[in-house]
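Note that chain A is present in both complexes that follow, paired respectively with chain B and with chain C.
Showing the complex of A and B:
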């Protein structure tokens, strides 16, 4: 008796009944996504459509809505404070993104190197990030006091005269940027540090053999390799800077005058101080379009910056 | 008979004494009834009811909450109260009243901001029928005890009483008596004298400002209106016309600019009350114009360097009138409440004489009742000097609304606040006020039409 050890020949089988049934059920699998779809529709799509609807109404809380078409938008573009607030938002956002990126990347390069007490110093460096923005804002407000604040005292010890910090229309936005930089540079540092930790050593060894100096290695090896991580930091910082409200509101309330009134502060005033819901909704729609365009641009840039792109 | 009165006999004396005794016996029930009025009032008639109360976060609300236990013991009414920060409370009130079904029976209203809104939206219950109903109002409540200015502030244009004027804040001038003495100056009697004194006291080389007041937009409006009241004008006339770009308004804005820019500390353009308070409290300013409700930390040795040196001056007289800008809170009942009568017991209990006195004794602010304002008990044992109470009483007599009684008060404060701030950056007062008036006029007109 011979025992065949060969595998039986594969015989094509007719599709099983179960398989046929599962094929029939495929459209019903969509039902599994229904809860998520409903939640998204309820908390994202509906509010957005409702905001769009409200932006076409002259609607103040306490009164009824009245359809005005695009009048709110036309009025907004004639509103000098709205235009001014867009300028402030752009100024604030650019500085609140660029400076933490530059300082955070530099800090990451420093903390990537081995030196005594590196772990302790790194912990100290990331501490600002852990603080609550409103608490941070209150502390900074005290430090900015022109007569009694510690900052002017520190300046006086090195022979520099007192500054007005947030109490001067000319210096208010740069001073608010100072708070942003202090608060959020550690976040950029952590992201870039994560990128640096994963870099291969071989390109550096080859570059050293080829006689490259530190600057060459940073410019031509480190920066291109770590760039995707910097792009992630740029995206996060841009979103954060655009939605910045708490620190600005607590420290200056948009003042002096309207010198630090960003779109968010303008929006807050219209919606929650003046209760002009229709007008405020029009601001939201414009802001939303701007953010979508900027996000697409950033996502495109991020896609282009991938190593394998 | 007359001789009997002049020279009473023993018999006559006995007879008259007996008659007097009989009369006394007959009158006793009336006297006892009067004396027991308080105890005979039925506080328990709504026992078992539960009230929701929305308060503004401040020391006065702390006191109200402290009295809740006593209220529940007296009435059997349970109270659930919450304190919401001022700005959020205003938003919450607006949204909840607009919904038609507020979640509270009783709330505080900032009369200087929400009064006209309340009237237009018919937010609050008219308290007149309750005050007139002896079965609902305790005989010792004494509404007439509230100061006339406070009562007027709590009333609507149609005479309805939306709220009881629970707390009043008068604008006055805190001054550093030591600095005044060093310069041989007396507290100014007129606004012109105040400007002259600020000039003499201003000493930037020593880091001392002659005067400090709010420069921050929105917050700065009462400073301007305090000066404007000296011209006998409010920003909006009784018939709803803006009086914000005439010569009087420009004069007040110029005064605001001169005091803040020439004699104020650096950075005053961004100062709210807290920065002003810190500056004054640290001995860096000779005078500070603000509400008397901010006095407490000035006499606290752990916070202030000028304890015992603070003078409390009534706002000086202007060229045409003498007024103190008035702000205040009222306590009232939501018209949509289902427990209005029980809520009325809460409101009258919290605004009774004893609790209003407790407010002033605790340094939590100026109550609306005259009996509390003038009580010797208030001054006895208080950390505040006699002058503080004199200032309260005098300011109460000349108080006049510090903000226009219109619906878009917040927009008014924003638009004119920015204009005033711009004057500190060098802009011309008349031009800025004219521009702000043109911007605000359609907003005001629209608010009245809607």
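Showing the complex of A and C:
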């Protein structure tokens, strides 16, 4: 496609206006996206549609599909294990969102200030979120060991008795949240730090003149101004917490019993342990609806924060 | 006096913030450099004395680690390469063609759990006989690399001023030439960032290889996980292996930290 075919015959307008705003220029850009469109259709959109189809089938690997309508969904909501996993997911998600948001915002306020070695220390702080989840999960598993783990030793030095960490149904989810907080607080920090970088100076100057203290300035100036960024962080954290799989799978496989079986683990077990792919696909569909709603919320939050991406 | 106290308080908070990350990684290093006796001692031995590289030697000698490393390089390398070849022009096409709906589709693809692609892809690879091959893993990792690269490139191409390409086109350049010689060089930082993040997310991916990888085609994360379940747990080699798996990613993070921060705030975020 050359300029001659795509430029309209009458060009009284300045060319730049025509290039920017005219709709007839869009088709020639389709070709750029074509290879990606084909691959995305194959590995992303096809799986979505096929999952939708599978969710209406009674289908086990090895057998053939049989149409059952919405029966998989009806069955899911009667499945105590599924309901329980929803509860675990809600418990896990709430804490795995709130704690990183609080710590990450505090960390952003710290890293927003100038201090020696800031760049290096920020890199160190960000490292957990980049590290391979399986690798750190293995190390955490060793640290949680009730007899030989380093965490129980550290607790004993401050006079706290040994904990069972992931080996006790009562403490397994809070322990996994500890790992999640360690892993993902840096992401919140980065997002909020981006917001802080764009703050105007003037409100602080006039507040100082009015004799405001640090807390007042944070509460009444900083927080309202970076709130849109915190919203973005909240939505992203929610999506990520719902998706959490690797660390839970490596550390507990959903155990002890089913005490840490979240939606994701439930889905994995149904599909690849019990081979009930129709049933598991119904879980994916429910998951997918939640993710789409959250993604749209993210788009909205991102627009509000004028986060250019 | 009060200022000094504030300053000390500030440094204390920096220390508290950074120490969890430092401690976990240091403990990982410590475990990997100690012999089995010290690793299972209680109270724990913190500083390896004497440090030993035996665990690292064992990892390479006993566990086919070299093969799995090579698999990881092939899978991640292939998926990032195809992702860039296909994703960079697509980002351009979407940004310039203002294909908002396609962009939203990409966003949702980025947000969807990796696990949810696995059932249909597993069936597909079973039918085509690709289960357990490197090819299947490369194709599946495109699910990770393409959306992240496209998403980042959209942002970068939108920031390249249209006027420059218009000028090139008035001088007789085709759309392709305007892309190749005007827009692409200006958006090159985006290509770097997209490539780096795609590399990290693909390298770290675990679940695809668990389900689709065969005994000889699995990537490092699932290979290390399997050595945990099928063998007697010995902490030293396991910590050494874990450290080796995550080392490339941590090195990239340190070397490219500025680009990574920029990329993440441009909407990279994590994948899984």
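Here is the rule we go by: the second predicted complex is superposed on the first by the 245 of 309 C-alpha atoms of A that agree within 3 Å, B and C clash if a C-alpha of one lies under 4 Å from a C-alpha of the other, contacts with A are read in each partner's own complex, and residues count from 1 in each chain.
Criterion: a residue touches a chain if its C-beta (ideal position, glycine included) is under 8 Å from a C-beta of that chain, and two chains touch if they have at least 3 such contacts.
Remember, predicted model here, so these are calculated numbers, not experimental data.
After overlaying the two complexes on the shared chain, residue contacts for A:176 are found with neither chain B nor chain C.
In the superposed model, A:62 lies in contact with chain B only, and not with chain C. Residue contacts after overlaying the shared chain place A:168 against chain B, while chain C stays out of touching range.
In the superposed pair of complexes, A:147 makes contact with chain B and with chain C alike. In the superposition on chain A, A:272 contacts both chain B and chain C. Of the two partner chains, neither chain B nor chain C is touched by A:241. Of the two partner chains placed by superposition, only chain B is touched by A:257; chain C is not. Note on chain A: of its two partners chain C and chain B, the one contacting more of its residues is C. Residues 147-148, 272 of chain A are contacted both by chain B in one complex and by chain C in the other. The touching residues of chain A, when paired with chain B in their complex, are 60-63, 145-148, 162, 164-169, 172, 252-258, 269, 272-275. Listed in rising order, the residues of chain C touching chain A in the complex are 10-11, 13-14, 17-18, 20-22, 24-25, 27-28, 31, 40-44, 82, 85-87, 89-90, 92-94, 96-99, 102, 104-109, 111-124, 139-140, 142-143, 146-147, 150-152, 154-155, 158-159, 162-163, 165-166, 169-170, 172-175, 179, 200, 203-204, 206-207, 211, 220-222, 224-225, 228, 235, 238-239, 242-243, 245-246, 249-250, 252-254, 257, 260-261, 264-267, 269-270, 272.
Partner chain A is touched in their complex by these residues of chain B: 91, 94-95, 97-98, 117, 120-121, 207, 215-218, 265-271, 275, 278-279, 282, 284, 408, 410-411, 414, 418, 421-422, 424-425, 450. On the side of chain A, the complex with chain C involves touching residues 1-3, 6, 15-16, 19-20, 25-37, 39-40, 43-48, 50-51, 54, 106-107, 110, 113, 115, 119, 121-136, 138-140, 142-143, 147-148, 150, 153, 182, 184, 186-187, 190-191, 194, 236, 239-240, 242-246, 249-250, 264, 267-268, 271-272, 277, 280-281, 284, 287-288, 291-292, 294-295, 298-299, 302, 307-309.
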